[in-house]
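These notes open a run of structures that come right after.
Below, chain A partners chain B and then partners chain C, in two separate complexes.
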Partner chain A sequence: MFKLLKYALYDILKSRFAIIYTVFLALVAISIYQVSDDLSKVSLSLMNIMILFIPLISAVFATTHFYNNLEFIELMLAQPVKRIHVFLSQLLAVVIMLSLSILLGFGLPMLLWGADSSLITLLVVGVVLSSVFAGFAFLASVLTRDKAKAIGISLALWIYFSLVYDGLVLYIIYSFADYPLEKATLALVMLNPVDLGRILMLMQLDISALMGYTGAFFQQFFSSGSGIFIATFALLIWMLVPNYLATRIFRKRDF
Partner chain B sequence: MISVHNISKKFGKLQVLNDFNLEFELGNSYALMGPNGSGKTTLIKTILGMVIPDSGDITVGSQSIKGDVSYRKQIGYMPQIGHYPANIKIGQLFSMMKDMRPEIKNYDLELVEAFGLEEMKNKAMGTLSGGTRQKVSAALAFLFHPSILILDEPTAGLDPIAVELLKTKIKKERARGKLILITSHILSDLEELTNRAIYIYEGEVFFSNTIEELKEITGECKFSPAIAKLMEWTLKKKSKKTILNHV
Partner chain C sequence: MLKLRKAMNRIFPFILILCLYAIHAEAGKIILKPGQSIQAAVDRSAAGDTLIFSPGTYQASAVKIRKPLSLIGNNHPVMDGENKGNIFLVASENVLIRGLKFIRTGKSNMDDSAAIKFFDSKNCVIENNILVDTFFGLHFSNSSNLTIRKNKVNASASREFEVGNGIHLWKCKDSLIEKNEVSGHRDGIYLEFVTNTLAKENFIQGNMRYGLHFMFAHDNTYLKNTFKRNGAGVAVMYTKNVTMQENRFEENWGSSAYGILLKDISDSKVIGNVFLKNTVGIYMEGSSRIDFKENTFKENGWALKLMASCDQNLFQANNFTRNTFDISTNGNLVLNQLNENYWDKYEGYDLNRDRIGDVPFRPINLYSVIVEKIPASVMLWRSFLVTLLDRMEKILPTMTPDEMIDHSPKMRPYDFGT
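Right after this comes the complex of A and B.
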């Protein structure tokens, strides 16, 4: 397993994509640090960019990586190694590469110009979102035999969680505006890893006061121990369930 | 050594292998033939555990392949087209394969030397030509002295010198009493390298016997016309089937 991971990582970390992605993230972070001295403004801008792009890039990259390595995966399967180890080594290599890019690209500017708790949360949320969407991408990849279809499914999931879902939530909130909706919105947030990440970030900033009564409720929920526990648990489920399903399908897939 | 019992496999609606039975013995060299899409590669992939059959069982050396991966240590597999991670160097690929079989210390480097791969070990796999990649695949298949060699179109894409080197190596291993399974469309290669012929047609074994027997049955004294006759028969069988279906 670790031997497989070692070589998978070696291949992926030397890829052009890993370098370009890290440099891109670093450039974004540096430019935002140059524009503003206020750390909370920096983390807000970084968050807005991150929440949109990191799931997209993770999903597309993980899908293409799986299909580019398909023949190699086949060759590995002909060797005396367990299927699950072949799969997990590929998945972990992708997650580690995406996470390292974020940690280096965003982390180095932070080391240079300072960071606060919200920026640390930003790094964690970035890593979590990368693994969630890499999981979606691997699930999409094992479900179909066609690269274009798999990329389509990954993109559809990204569009759903990043754009469509918020529209649905807004629609629900407007339709039922006469009822108390705090708990319902909280439940809705748990059903979307992107929103969950965003709320966790926003709670670190002082702008939750701008979000009215629901904002205050969220602030109270996410600052309590049980609230953080539930949020972490929900994110863990988002990380593990797609990956678990993908592993199960992979074990029975034909190559 | 390898027994295939009642294997069936469907891809969607297409029945690729239909209640398939075959025995492969050590010391024999088998030519696996059949038209495109007849199930040759699926059979090989089922033996290697890459395709999971709907029903039936395969045993390799009396050990069922279900839920066990150690039997693959005895198999050297050369895929039809070898794809490798682009950024891994030849030397690293070899050490990775060695890492997967830590208990084997004695390597067969004959092909590595013959193909001059040692001098190229710092080249990344992504920069290699298709033929060089085939050479790497071939060298890897023989590297661990496996008792079973499964070669899927081994000579496709190789230059004439490399083809001769590879053929000599296959003959040498055959003389050592190994089980060799070759698929190819190049009949002259098969005649040279194998002593038994297996002809698959639409997921069923149409013929499985020695090459002498094949020549006798078909009444031809040469290998290629004998195979051509076999193909003709399969076509007749098919036309008979359709007539029956209409009645």
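Right after this comes the complex of A and C.
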């Protein structure tokens, strides 16, 4: 397993993509730090970029990576190693690389120019979102045999979670405005990892406005640590479920 | 013998006067020790006397003071009300109360139990006192020329109806409220029908309801006070000619918490104040002709909630930074002016380099209108979809009021030294 992971990681880090991605993130962070005059503005701009692009890049990269390494995977499957180890090593390598890129790309400028709690949250959310969408991508990859189709599914998932889903929620909120919606909206938000990440950031950036909400339920959710705990827990489930499903399908898949 | 008696008769008045004078000079200061009755000492004293309290604990309940006296505590002697009614009741001119500590008044709304209650008094000074767990702290009615300075008023009730106001003035005038610290009461400072009064450098924190609450209190000035973490911030109503300058309104969080709530206030000035981390910086309705200048609105949920019932207000040269929403309103009618403010959300350009943006700024964004209608939708704030919607609205305003516009937004924030 470790040997497999080592080779998979070595393979990824050798590819130019990891370096380009890290440099891209670092450039974005540096330019935002240069332009903005205070930290919360930095985390706001970084959040806008992160919520949108990190899931996209993670999904596309993970899918292409899987198909590029399909021959290597098939070769490994012919060896006396466990199937699950072959799969997990690839998955973990991708997740580690994506996380490292974020930690380095965003983290180094933070070390240089300072960070506050919202920026630390941002790093964590970035890492979690990467692994969630890498999971989606692997799931899409094991579901089909066609590379284009798999990328299509990954992209569709990305569009769904970062745009369509919020539209649906907004539509629901609008349609049922006369009803007490607090628990319903919160439940709906739990069903979208991107929204969860965003809510975690909102709790850092816009707590004054969130506290303006009339419902006692929201008040409790946002003012105590329980909100952060529940959102983090839901995100963890989002991290594990697609990966677990992908693993199960991979184990039974006929190559 | 007869001669002697005559002589005595002649001298006696002088001796008497001399004696009286001596007594008077001696009586000018009365020193009290713990255990002695304060009421008896007050009754015994003459107008203008000074009562000096030695350190210790005194039982004091409903001590009535009806003549000019100075009550001075040596090392904060404790006036223990033993949970019965008021501690001191004053109805006189020229009373000075300094350096005492008041604890445990009664807890009753029937008589508004207070540590010191003043009726129909004039020229009184209350300074350097400590009030702990009093129902009302300092309670004044129908009095004038009061100086309330450097008192520490602190209660620790857990619910609003269990406690009265820290400093309560009703129908008073020409007074000074300075450098007091009030916490844990219902309202920090409560003024009703109070005119010509200056409240300065007070620190009002953690009260159940409002930090400052006034009604029908015209011609007053509030200077350099700090109102922090009060249950619902500051609420002021039905008043004209108010000056609020260089105050700080901080961390008033909650569904109905405001930095300041202005209701039916007119002809006033709000200048150089700082609004930091409030759910709503300023909420105003039915208010007219107020000048808001050089204020800093920072990290509030809503910097301004400006209801359509306000008119002829001027917002000039304020800084708006890092607020979730800058302005929201409840209608399409806008009768107020915004100009030369700095908005950190402004994205315009300045080609002629006069430091004023060339395109006007619309401080109301679409989503704040939606959140106003459906509060639950705040959950989608800052999502990609909402950002897109806001962008579209900025280009083609349909739902936000056209008139809410700053034609001369500043490119750089003002430096107010805060």
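Operating definition for what follows: the second predicted complex is superposed on the first by the 239 of 255 C-alpha atoms of A that agree within 3 Å, B and C clash if a C-alpha of one lies under 4 Å from a C-alpha of the other, contacts with A are read in each partner's own complex, and residues count from 1 in each chain.
Methods note: contacts are C-beta pairs under 8 Å (C-beta built on N, C-alpha and C of every residue); 3 or more make two chains touch, one makes a residue touch a chain.
This is a predicted model, so every value here is computed, not measured.
Peer 1: According to the stated criteria, A:77 is in contact with first (chain B), second (chain C), both, or neither; which is it?
Peer 2: The answer is first: A:77 touches chain B but not chain C.
Peer 1: One more residue to check, A:69. First (chain B), second (chain C), both or neither?
Peer 2: So A:69 only meets chain B here.
Peer 1: Go through the superposed model and pick first if A:219 touches only chain B, second if only chain C, both, or neither.
Peer 2: A:219 sits against chain C, while chain B stays out of touch.
Peer 1: Classify the contacts of A:30 with the two partner chains as first (chain B alone), second (chain C alone), both, or neither.
Peer 2: Once the two structures are laid over each other on A, A:30 reaches no partner at all.
Peer 1: Which partner, chain B or chain C, is in contact with more residues of chain A?
Peer 2: Of the two chains, more chain A residues are contacted by C.
Peer 1: In the superposed arrangement, what residues of chain A touch both chain B and chain C?
Peer 2: In the superposed arrangement, which is not itself an observed complex, chain A uses no residue for both chain B and chain C.
Peer 1: Give the list of chain C residues in touch with chain A in this complex.
Peer 2: The contact residues of chain C facing chain A are 253-255, 257, 277-280, 299-302, 322, 324-325, 344, 373-387.
Peer 1: In the complex of these two chains, what residues of chain B are touching chain A?
Peer 2: So the residues of chain B touching chain A come out as 11, 45, 48-52, 69-73, 75, 77, 79, 81-88, 92, 96-97, 99-101.
Peer 1: In the complex formed with chain B, which residues of chain A make contact?
Peer 2: Per the touch definition, chain A meets chain B at residues 3-4, 7-8, 10-12, 14-15, 69-72, 74-75, 77-82, 252, 254-255.
Peer 1: In the complex, go through chain A and note every residue touching chain C.
Peer 2: Chain A reaches chain C through residues 38, 40-41, 44, 47-48, 51-52, 162-163, 166-167, 169-170, 173-174, 177, 181-182, 184-186, 189, 194-195, 198-199, 201-202, 205-215, 219.
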